[in-house]
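Shown below is the structure under consideration.
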Amino acid sequence: MIHFECDYLEGCHPSILQRLQETNFEQCVGYGEDPHCERAAGMIRIACDAPDADVQFLVGGTQTNATVIGSLLRPFQGVLCAATGHINAHETGAVEHGGHKVLPLPTTDGKITAAQIRTALEDHWHDANHEHIVQPGMVYISFPTELGTIYSKSELEEISAACRDWELPLFIDGARLGYGLESSRSRLLLKDIARLADVFYIGGTKQGALFGEAVVFRNKELARDFRYCIKQGGGMLAKGRLLGIQFETLMENGLYFKLARQADRLADKLSAAFRAAGFDLLIEGGTNQVFPILSEEQAHKLGEEFGFEYWTRTPDGRDAWRFCTSWATTEAQVDTLVTALQTLKHE
Amino acid sequence: MIHFECDYLEGCHPSILQRLQETNFEQCVGYGEDPHCERAAGMIRIACDAPDADVQFLVGGTQTNATVIGSLLRPFQGVLCAATGHINAHETGAVEHGGHKVLPLPTTDGKITAAQIRTALEDHWHDANHEHIVQPGMVYISFPTELGTIYSKSELEEISAACRDWELPLFIDGARLGYGLESSRSRLLLKDIARLADVFYIGGTKQGALFGEAVVFRNKELARDFRYCIKQGGGMLAKGRLLGIQFETLMENGLYFKLARQADRLADKLSAAFRAAGFDLLIEGGTNQVFPILSEEQAHKLGEEFGFEYWTRTPDGRDAWRFCTSWATTEAQVDTLVTALQTLKHE
Amino acid sequence: MIHFECDYLEGCHPSILQRLQETNFEQCVGYGEDPHCERAAGMIRIACDAPDADVQFLVGGTQTNATVIGSLLRPFQGVLCAATGHINAHETGAVEHGGHKVLPLPTTDGKITAAQIRTALEDHWHDANHEHIVQPGMVYISFPTELGTIYSKSELEEISAACRDWELPLFIDGARLGYGLESSRSRLLLKDIARLADVFYIGGTKQGALFGEAVVFRNKELARDFRYCIKQGGGMLAKGRLLGIQFETLMENGLYFKLARQADRLADKLSAAFRAAGFDLLIEGGTNQVFPILSEEQAHKLGEEFGFEYWTRTPDGRDAWRFCTSWATTEAQVDTLVTALQTLKHE
Amino acid sequence: MIHFECDYLEGCHPSILQRLQETNFEQCVGYGEDPHCERAAGMIRIACDAPDADVQFLVGGTQTNATVIGSLLRPFQGVLCAATGHINAHETGAVEHGGHKVLPLPTTDGKITAAQIRTALEDHWHDANHEHIVQPGMVYISFPTELGTIYSKSELEEISAACRDWELPLFIDGARLGYGLESSRSRLLLKDIARLADVFYIGGTKQGALFGEAVVFRNKELARDFRYCIKQGGGMLAKGRLLGIQFETLMENGLYFKLARQADRLADKLSAAFRAAGFDLLIEGGTNQVFPILSEEQAHKLGEEFGFEYWTRTPDGRDAWRFCTSWATTEAQVDTLVTALQTLKHE
């Protein structure tokens, strides 16, 4: 049985375990103030070309989203996002638990547009009763999106401009940031993300780490007292060194990007194989997630040897399924699946 | 200038002011434990044919909604409602401020169906990742809805049955309850509401009181410790007598219903006049709100003499406006408007 | 039976009812944007000698405290106050419901000192682990305090200076503000309060209104978007006119202060009578609350004719009780009690 | 430089790293539903002699405290605890962030008593205005306490009985549970904790794991839908296997207890050495924390070679410092410190 259900099935890249081993008996101060975190933060600032950035490390994505959003909004403000956004759909209301409404915008491909943001703001402020309505206070987008699609450079620049015109912070959920940047369809660099977002994170959990998300605030003022928020939100890891060590390792020699690139290439191969075998794809994102349309029978047949997830019903009543590659996926695993697809085709 | 913008433009029915005058120097214990509240609660229990009901008085609608909802949900639960529901659209995120997500269901007429509720529950519990999704924990509907429409008896019975099958409390926002019950289209009685809902309120603010909403819990167990919630939510009026006195007066000799009936009849007259003058109505609810389609010029012209509110743009790009009658509206006021409509028609 | 349990036993000053009567059929826009609120706000700005102040009207004290505090704090901040402060002791955790810790400081007389505030701030910021501790973000005091004591002008100036040095807003709960200012022991004027606080309120509920608290923000910037907070917190009264009319009436010709002065003088008389009859007082505040020490027998005897409340057990094991005068208390009522005390003395 | 500042200075017990290595490329389902978590939970149920217990794994202590407390309280309820309790003093208001007041009880040794709990409940329910006061809804104690002291079996039985009489859940923070159970002063077994608490946790972070706390609910009903709370609170680790693997390892052959015992014995040795060298101890808990009284000079001198933390000023104006041993402390490290103490004595 080979599993493609998600991109966090395995532990971590072996070099991380090795570094944990090597440093295991170092005595480090806790809570992210150790030399490893400091060094990792420095490496990230350089990689982002953002010397004034504030970098903080949290454990997981939902925690990071709720903490960042809660730290930036006033109580009556909400966060604009795609209806499919992770904060709207798959975080058990963590943002609302912190007191804030998520303000979903309609989307078909997981992306929202600068025009949607501008309209939402205009509508709010033109409404005579705007004090009776949650005030949009920031914008959340995912790069790549939950459907594996990516914003183009110009789309992102327009969104960023809309946010700056309206003085709203732009927050980019980068749980799969590397997979997005390394997509063959992307022209964006990490430093573009750092320039266009006010705050974003470099996801570790799904990209080779045991866990961990590195939050980057473009300017320190926005991050003021953010560490109180981390602690209050339960996200301050006692042994913060673990986060520092993991991001040091991932940032070294571009390992983070290499792992992502390899996963994206394997996903491309898989996409091509699905198409070659005559299957439609729900969407083509170019990142590490592939969403073929399979009949129940086909899914059942494939499911005897491969693990994957039901995704959604399409508007025309067919079923889309999700296959993920990851930093840990091997060419051999993908090839086995590709072969099975060719067989499936002929049945 | 005659105003039809909303149904809370005037003070209150004169008999309430008179009772306030008569009782002004009575010394009453505070916080709703005075004899007036007790008597009003008793009158409401009788009117609802609900001898075991717990009745509590709060000041306003948003406060009541947030307090009731917060008292019934566990932290990770949300409340199902129409996307147009007041809690979703016009309460500045009061429910989310209390930590809960509002779970909007699509609607065109302000109503939701039992089928939508059942599907939402099935979808939630069939989702393999349901723990990552806000759990539907109660259902909120408005009677009448924010668009002035009303549920039929069978619709409401089906919704109630769906809620009981899934063990979800059904909460009916009755900010305009009387206007709904007295609609010529309605066959529902107050006791039907009390039988079908688990908790609902009899709105005073928009129906002849200075302010005040009477919350009725069908069974006392659901109301356990609810008064702590009222206090914590800032809704416990020090001089609770004011609420008791107002509801005593409104319940006496069916004044509450008489006032509502009169407003509904005037709204019917107004609807007929709009139609007679050739105007389409956005929706025909049969309660105290009328939503004609007017061009900008027509609205401007009418706006010289009458106050009313912009409501929404219709799918086909026209503009709908809202005119409300209320307990305070006079036949003469409506007749003046009707005459103006006839003139407007010929221009 | 004559009641002295609290200062909100009766309805309101008759001139308020009269004004409600006179204005009852005016058609006013809702939510505090009507001409009465505007006029009342103007009168308050003049009375406070604070032409740039932002004035908003809410319904009750707990609601006002939670809304103001929630609007000013960041999520990880708490509010310093006396351990006896109303927000700490008698609001069912309304501040915590909004996400903030109340940071109580020890007190014996209901007051806190500038030195306590400075020490709390120094302790916080000198603690190496301050990010693990709630950050003091504002100061709340009551004038008069919950024990009926008042801050002297110099005490208040020192507290205000400490707050400004540390850049913390100072919030004064003025639920009984008039009773404090009119105390024979007070040299403070309303404009001193307005100068020394960043935000405070002029309590109506306990001082002649049916309900209502007028919040004054010394500068508009601090009040930015505060009306969203009012709405979200359920405190935005639909018929805001009711608040405007009441404060117009109370501010006219200094009615608010006259009513308070009269209540304070009657309380002074009562204090003197208790002392003359040989009873100790728990504390002597000089406002409208009197706290005599009575044995259980004495309390029982007095309780046959007069209503009053148990307050607390003293450190030396005796029982203190609370008697309140109010705007509604008559000289005759107090005289009846004074006579009873003289009798009680001789038993 | 040898560090004794806290018990989370190093990584983890080597056998954990080894197991992570061995299992690194296993493909496991996420979110704590993998075979490792299942096996670890089973081992814990057996160790607790609690076959019906529900066991869940979270990442850190603050997160665990806030999540458990938030899952059990109704909105207007608070949690009783020692004033020194971690939730009251060192979690940046995480409990309040979730809407609940912490209700601190005075303590000198970090412990509270059954009598204090009973009095708090009686006081609450006897107060005529109890609806204006936060309702005690559960009890939180730490075993060992934040001062390294431990409850005796009879103390804990009395607390448990008080909680059951009042129908309040008893929650034991076991961040250092092993150090408490293995104290030479303790007669309590893990199964006693499991029998007397309604919910508690077995702390991993400070006792040999990289991170992780195993929450044990004595009965499943209390844990109903708790996993939604974990997810909403940001505590659901994507690679839950990491928690399962760590607790499997710690539970195997009693490693958890062996490591704790060794740390306690080294702390005992250190305590004895401080006393032998003539130093007073602030408190003698018998667990892994030692709190000697040192002058500033002595602390400065020792600080040249050893790391330790300032703890508190004693009532008589001296300074107490904290030295922790841990699972990672070696006999040689302690001996070096002991020798230094003997030298310090003679200076």
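List of remarks:
All chains are identified by letter, namely A, B, C and D, in their written order; residue positions are counted from 1 within each chain.
Keep this in mind: contacts are C-beta pairs under 8 Å (C-beta built on N, C-alpha and C of every residue); 3 or more make two chains touch, one makes a residue touch a chain.
Computed from a predicted model, the values in this text were never measured in an experiment.
For the pair chain C and chain D, chains touching both partners: A, B. Where chain A touches chain B, over half of the residue numbers in use are shared by the two copies, so each contributes mostly the same positions.
Here A-D and A-C were compared by C-beta pairs in contact; the pair with more is A-D. Separating the centre of chain B from that of chain D, both taken as means of CA atoms, is a distance of 50 Å. Work out the mean CA point of chain A and of chain B, and you get 42 Å between them. With centres defined as mean CA coordinates, chain D is found 34 Å away from chain A. Centroid to centroid, with C-alpha atoms defining each point, chain A and chain C lie 50 Å apart.
Shared interface positions of chain C, defined as residues touching 2 or more other chains, are 75-76, 91-93, 97-99, 131-132, 135, 228, 231-232, 236. On chain C, the positions that touch chain B within their shared complex are 2-3, 5-6, 8-12, 14, 17, 20-21, 23-30, 59-64, 66-67, 91-94, 97-98, 205-206, 210-211, 228, 231-239, 241-242, 307, 328. In the complex of the two chains, the chain C residues touching chain A come out as 31, 70-71, 74-76, 98-99, 131-132, 135, 225, 227-229, 231-232, 236.
Remark: chain B residues 75-76, 78, 89-93, 96-102, 128-129, 131-135, 310 touch chain A in the complex.
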